[in-house]
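Beneath this line is the structure, given in structure tokens, with notes to follow.
Labels run A, B, C, D, E, F, G and H following the written order; every chain starts at residue 1.
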Amino acid sequence: MINKFTKPASLREVSTHYCPGCGHGILHRLVAEVIDELNLRGKIIGVAPVGCAVVAYDYWDFDVSEAAHGRALAVATGIKRCRPQNIVFTYQGDGDLVSIGMAETMHAANRGENVTCIFVNNACYGMTGGQMAPTTLVGQPTVTTPWGRNPKYGEGWPIKLSEILAGLEGVNFAVRSSVSNPKQIMQTREHIKKAFLNQIEGKGFSIVEVLSPCPTVWQKSPTDAMKWIDEEMVKTFPLGIIKNI
Amino acid sequence: MKKIKVTKILMSGNEAMAEAAIKAGCFFYAGYPITPQNEIPSYMAKRMRELGRVFIQAESELAAINMIFGAAATGVRSLTSSSSPGVSLKQEGISYIAGAQLPAVIINVMRGGPGLGNIASSQSDYFQSTRGGGHGDYYTPVLAPSSPEEAAKLVLLGFDMADFYRTPVLILADAIVGQMMEGVEFSSKSEFKKKLPPKNWALTGASNRPANIAKSFFLKEGALEAHNERLREKWEKIKQNEQRSSTYKTEDAKYLIVAYGSEARIAQEAVDMLRAKKIKAGLFRPITLWPYPEKNLKAVSKNIKKVFVVEQSLGQMVEDVRLSIPYKEIHFLGKSGGGIPLAKEIVKFVEKVTRNK
Amino acid sequence: MTNSFEVSIQKDKCKGCQLCVYFCPAKHLEASPDSNKRGVKYVIKKEASKCSGCGFCFLVCPDCCIEVLGVTKIEDRE
Amino acid sequence: MTLNILLSGFGGQGLMSLGKLVATAAIREGKFATYFPSYGPEVRGGTAYCFVRVADSPISSPLIDSPDAAILLNQQSIDKFKAMFSKKCFLILNSDLVKDKSQIKTKEVVSLALNKIALESGNIKCANVAALGALLKLKPGILKQSTIVEIIKEIFCNNKELLDQNIKALHKGEKNANC
Amino acid sequence: MKKIKVTKILMSGNEAMAEAAIKAGCFFYAGYPITPQNEIPSYMAKRMRELGRVFIQAESELAAINMIFGAAATGVRSLTSSSSPGVSLKQEGISYIAGAQLPAVIINVMRGGPGLGNIASSQSDYFQSTRGGGHGDYYTPVLAPSSPEEAAKLVLLGFDMADFYRTPVLILADAIVGQMMEGVEFSSKSEFKKKLPPKNWALTGASNRPANIAKSFFLKEGALEAHNERLREKWEKIKQNEQRSSTYKTEDAKYLIVAYGSEARIAQEAVDMLRAKKIKAGLFRPITLWPYPEKNLKAVSKNIKKVFVVEQSLGQMVEDVRLSIPYKEIHFLGKSGGGIPLAKEIVKFVEKVTRNK
Amino acid sequence: MINKFTKPASLREVSTHYCPGCGHGILHRLVAEVIDELNLRGKIIGVAPVGCAVVAYDYWDFDVSEAAHGRALAVATGIKRCRPQNIVFTYQGDGDLVSIGMAETMHAANRGENVTCIFVNNACYGMTGGQMAPTTLVGQPTVTTPWGRNPKYGEGWPIKLSEILAGLEGVNFAVRSSVSNPKQIMQTREHIKKAFLNQIEGKGFSIVEVLSPCPTVWQKSPTDAMKWIDEEMVKTFPLGIIKNI
Amino acid sequence: MTLNILLSGFGGQGLMSLGKLVATAAIREGKFATYFPSYGPEVRGGTAYCFVRVADSPISSPLIDSPDAAILLNQQSIDKFKAMFSKKCFLILNSDLVKDKSQIKTKEVVSLALNKIALESGNIKCANVAALGALLKLKPGILKQSTIVEIIKEIFCNNKELLDQNIKALHKGEKNANC
Amino acid sequence: MTNSFEVSIQKDKCKGCQLCVYFCPAKHLEASPDSNKRGVKYVIKKEASKCSGCGFCFLVCPDCCIEVLGVTKIEDRE
């Protein structure tokens, strides 16, 4: 249980560009909290995605690398192999990690790269204005699936990446939580902590998937977006530990 | 007879470049197999592991170039290599590395294109290499070796230039240079004489210092414009400082052949054949393709009557020759898709043109 | 031992998402009638503090503009 | 002195190794040498060949338009390269696999049963070195036999049997070579 | 006052290009979201489905361009669109399509680079577009619209050129052209007048005919060289036939501004401002960037004293101007990374240079 | 049971460039046999990979498209969507399908593209001279893993692609067999036939994985290569039907 | 006649729709118009604005260095664009959100409680149209009100309530506009 | 009814991989003593036909240079 409800030092005192009620802000803070708690600020190297969180480095106060869209885990591989003494994580959206980055994702995981992947699943492309993501729910309308995602039209099914990665031997920890209510937020914090600790122990690849609201694209109020996660999204993406070894 | 030192060892251009990278202290290699450069990853797979450095067979060229982004961002020397189709896949990544001002060396051992083409020697990635094949306003120094030994030398130079200017450097070899073997003697240091700056921008963990960021994204209005202006100044500096070329029998030449890489060697043979026929030919060989050695070319071509550009392509470098010495009479001979303009063909071409007037 | 809690809100950082309002079990928070610099109805505390110090508002705030400080009342100190 | 040699045969007949051996020897003797192979498993099932140039002064092109000498270990090599051979080109053929010499127009042609010689030396794979033995004898002054022997010894320093077979083949090739 | 027909509808360049593709009979669209061209996939997602044609949001730009390869190989008209970083990722694929001689249209709505850069308007992919950014010897026709209506027109033209020459055609728009809205009237047919050949090379199942193969790989010695020679002849033909440009107030001009895309509109404003100051300026606007309209430029610049090239880049098209009219005095004004040379800045620049002499 | 042991018409009467004992030759024939049997020559469109089978179109006598390395399923998607009346298959090696092509593979399968993927698993890169493939066995030496593939050195584990794809809803048929003995060869033929029939029925994505010898890279005689499949390879890649709906 | 207009405010205040409305009306009247927006969700949280140019003859650049008129619905818009306004620029401000006018140096400034007017019309989102109403009144001869009404009717043909609110706001804006 | 089977081998297409030899249950096939055009020891049938017509040789041949034709003897025909 957290007993400090104040801004972590690793989070800068600035306003973000995120929309009101966006989950990225919550998750940024959780990452910073864990880094502070584990005293990792001087050791951590983050990799920011291309996605709404593209300028995460403006919000975090530690070393961060950009990565081309989808290639964060390749960049992280380069970093970690050269600096095994550092703690390296990527922070990636569903488009970044699961669509364009699928190959880099699968292979980094399969190599068992000793890095942590924080996967922000908001079931859409936020940054580019609300297109279908690989994680978009069946029936969910987006800019590129105006009649709702429909597998019958060849638009595919929501991809459960964490489950797929859990099947790879290089992966030691795969888990899914959300930032849709205080309990899940605390849960997510614990997962991130566990993943970093695993990395410190040299256990290999960890993925922490987080269901995160995008009220703008979903065209819901921030509170309705939270409810939608708890009521709808979890049906396709059940919460809990998928793999932990 | 000039005797060569017996310390030379027989090596292919590919092996020589790999070994040179190791000698340069390259700590990280990532690459994906493709002919005709497979000897580089093979060599690195063995030697890097033996030395406790990093070799990764990446899942693709895309992954490899982005691993290089990460490795370079930590401040280590890093290398990737590929051949034409694979280098096309790296264009986005190279643009990122240039934008983020990270040092890295990228080897392209060119083969025939377009598309899958074939695996024969070619020089048809000149445009892509010298004019930022990726998107956006950027250039990368491009070094073109014409022998295994020079390839090794240029890899050393490339790493120094990359570190000094914080830029990706391209080694543009052709399949002949990559595959041919010749005696190689390694120098321990590059000819680059400037002092290399400390890498205090590197991502190493923000311990007792402000956070470092490796990035090419500039959201704020005007920020990218200002950044690109700084890049422009850098390219300008490189253009001033780093033009390199060599010449052969140009002192009294009336006809100048311009060629690079393996084609320059063939052209050199043609020069000798022409000289044997009392035709005063000489050779200008660019070593840096970007920046193009226009200063030297201008000087060398001063008393030249006609210029002959010979390439293993449909005509790419010839544009830089035209831009450098627009007032000269310039002729082009090229073959594409693995065709090699042979010495006797060059001779014939020069004879034909010179006879016409 | 009784503690009281101090909820501090950065008015101009608040984006008015109302998540803190929604999740506060004590109904201690509400939207202000007027807008801040951003043009949004930022969050304010209600007069009488019913705050339990649960930190939910802090936890759910995407913009880290609510902090909850536990204030141990002086009379309860040793 | 410049000698331009073409070495060609099936993959597995060891022409590439032979080319490197010649080039290495040249360098060892303080000469200049270039070696350029056909390459790439992407061209499977074809003829494997390489160009070797040996000279006293720096060599420009590693390519050869028209070789001074060629070692051709199979029929396909003749079919492939026949257009390249000038009248003056010196050819060493493997009579065990080259059955049709009708297309050869060069003056100096030496046919040797190289497979047989190799087998007699204990290893069919030594046909390449046997051919070299013959070349060294018939084109004296290019490379010293002692340099070749020295390098063969280095290559097979860990395998006495192969070493002996190769040395034997080298000598047998020399002995059988009578123009 | 010239009255415009009220049949015009207000449309962005992006929407106009999408609608034009639909009017051209485009049957297959695959693309991946990226600003500033997202209106194209959005539009296509709706309209293509409504028309029973194919829209695919591909998993990446790489996937998209290779889907285009497949679709084009079946003989249908196909389109992909992206912006700078995404187009870099397509370079290998474009090289393949060019090598395999398949018709397709590719839209690039340029943004600031290098790297992730920003999303502002830019013209810094000129080199990549006009000089085969992918590997190997190839070119693609490059059409550069300067208004939504022209964008629509050029998409129609692009599909016809693609089919006629069996080549990928690039529509090179900048973010301003893509994002701005203006009245658009669609023509039903392109200005391309040649008869389109039947697509008997298409993969449709080898029923009652020999098998068709779509490929860019030529293994046999000399085969790729011969293939590339055929390609060269094709590029030559396109160079002869397809140069396009337009002019503004050049009849009596002493000073010529050369600009394309949205920058040409800004330059046009500058011309008017200069004319108002009694400076005889004119505008040359290339519409085809490859082939570069050198014939027209030569003709137009005949009586020109000084040439001013203005780009939203650090200077790329200026090379083609230099190559086209090397004997002219050429000045360059450019901004990069989202910087836009404004009309008043162009005026100032021209005034400064002309005042100097 | 086959009762015709003669060259199928869809296979051209030419010599291939394959090494002696290479599995590609067997598999080429099987594909041609099924096409003849189902009378599909006028309807089939193949997609050849970049890999040793790059010029498969020189050996087959029906319409074939090239595809850039790894992108065969993207090309096949383009073809099939434009010509749903045709039968479309890709023929891909492990490097092509599982390494560089991972993203295209996963997404085509997840979209349930109605195509057939014939996956030639030879545990190495044949074409480029014997580098590690994603399917290279642990301990197996290759040009780029000279001491044998070792997950401890970050070289990863053999990826079981068919099992992964079987987890996707778009996939209706996933199966693994080999060409290492007459029985398995006949089995493989049946699998290809079933996959084509599924496609005719519009069932979606099928993958037929085939363990195939590469005596050259494995540095084994052709017969030893066959034995190695039956004795070693099947331990990592068990034969049989993985998914069939 | 040429009029260069800048429309700026928070995202959600409907300035983009307003810009398109103006441009559409211009085209409808046989005039020329260009519209250029700030774009891209990649720039979230900032000020949304667009440039609209209306003219009787073809328009070259869609960009505006220095507008003839501007509708500024929030304070940030003034901070962002103040350098652009020449003395002659005509400004319509939303006094409900623009509190600090000290930086404004232009001569003609009209401050209207646009939020209030919008709310009175039944919908806070109509502040944009109210501003347009004022502009049309104060800068007559650009566009006919009837054209604007016609287009608003087309846009909201399926929603009577929104239609009424917008028309009301348009008129209220007009009525309240007194220079 | 007895059948006999005709195994036909295309000598110059054979790459000498010996897979047919290895898999022939009847041991009907063997490597020839001399080489074909490719320089490899191609496969030949042994004198006395023990072929059962199983087709294994056809099935395993990567180069499709063995075919097996079932020959129904004339005396067995109706």
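Everything below uses one rule, namely that contacts are C-beta pairs under 8 Å (C-beta built on N, C-alpha and C of every residue); 3 or more make two chains touch, one makes a residue touch a chain.
Please read these numbers as outputs of a predicted model, since none were measured by experiment.
Enquirer: Please report the minimal path length, in steps, between chain C and chain D on the chain touch graph.
Expert: Graph distance in the chain contact network comes out at 3.
Enquirer: Please tell me whether A-B or A-E has the greater number of C-beta pairs in contact.
Expert: A-B
Enquirer: How many Å are there between the centre of chain C and the centre of chain E, using C-alpha atoms for each centre?
Expert: Their C-alpha centroids are separated by 55 Å.
Enquirer: Starting from the mean Cα coordinates of chain A and chain G, work out the distance between those two points in Å.
Expert: About 40 Å separates the centre of chain A from that of chain G.
Enquirer: So how far apart, in whole Å, are chain B and chain F when each is placed at the average of its C-alpha atoms?
Expert: Whole-Å distance between the two chain centres: 38.
Enquirer: As a quick test, compute the distance in whole Å between the mean CA positions of chain E and chain G.
Expert: Going by mean C-alpha positions, chain E sits 34 Å from chain G.
Enquirer: Among the residues of chain C, which are close enough to touch at least two other chains?
Expert: Where chain C is concerned, no single residue meets two or more other chains.
Enquirer: Touching two or more other chains, which residues of chain E qualify?
Expert: 35, 56, 59-60, 62, 85, 92, 96, 100, 115-116, 215-217, 219
Enquirer: Of all residues in chain G, which are in touch with two or more distinct other chains?
Expert: 40-43
Enquirer: Taking the complex as given, what residues does chain B use to touch chain D?
Expert: Counting only chain B, the residues touching chain D are 1-4, 6, 8-10, 35-36, 119, 175-176, 179-183, 262, 265-266, 268-269, 272, 340, 342-344.
Enquirer: Write out the stretch or stretches of chain E touching chain A in their complex.
Expert: 32-35, 38, 41-42, 45-46, 49, 55-57, 59-61, 85, 115-116
Enquirer: Show me the residue ranges of chain B that touch chain A in the complex, using the header's touch definition.
Expert: 27-28, 30, 54, 56, 58-60, 62-64, 66-74, 76, 78, 92-93, 96, 100, 203-208, 211-217, 219
Enquirer: Where on chain D is chain H touching in the complex?
Expert: Listed in rising order, the residues are 10, 74-75, 97.
Enquirer: Mind listing the chain B positions that touch chain E in their complex?
Expert: Per the stated touch rule, the residues are 62, 84-85, 87-89, 91-92, 95-100, 110, 112-118, 120, 122, 124-125, 127-128, 131-138, 215-219, 221-229, 231-232, 235, 313-314, 316, 319, 322-323, 326-327, 335-339.
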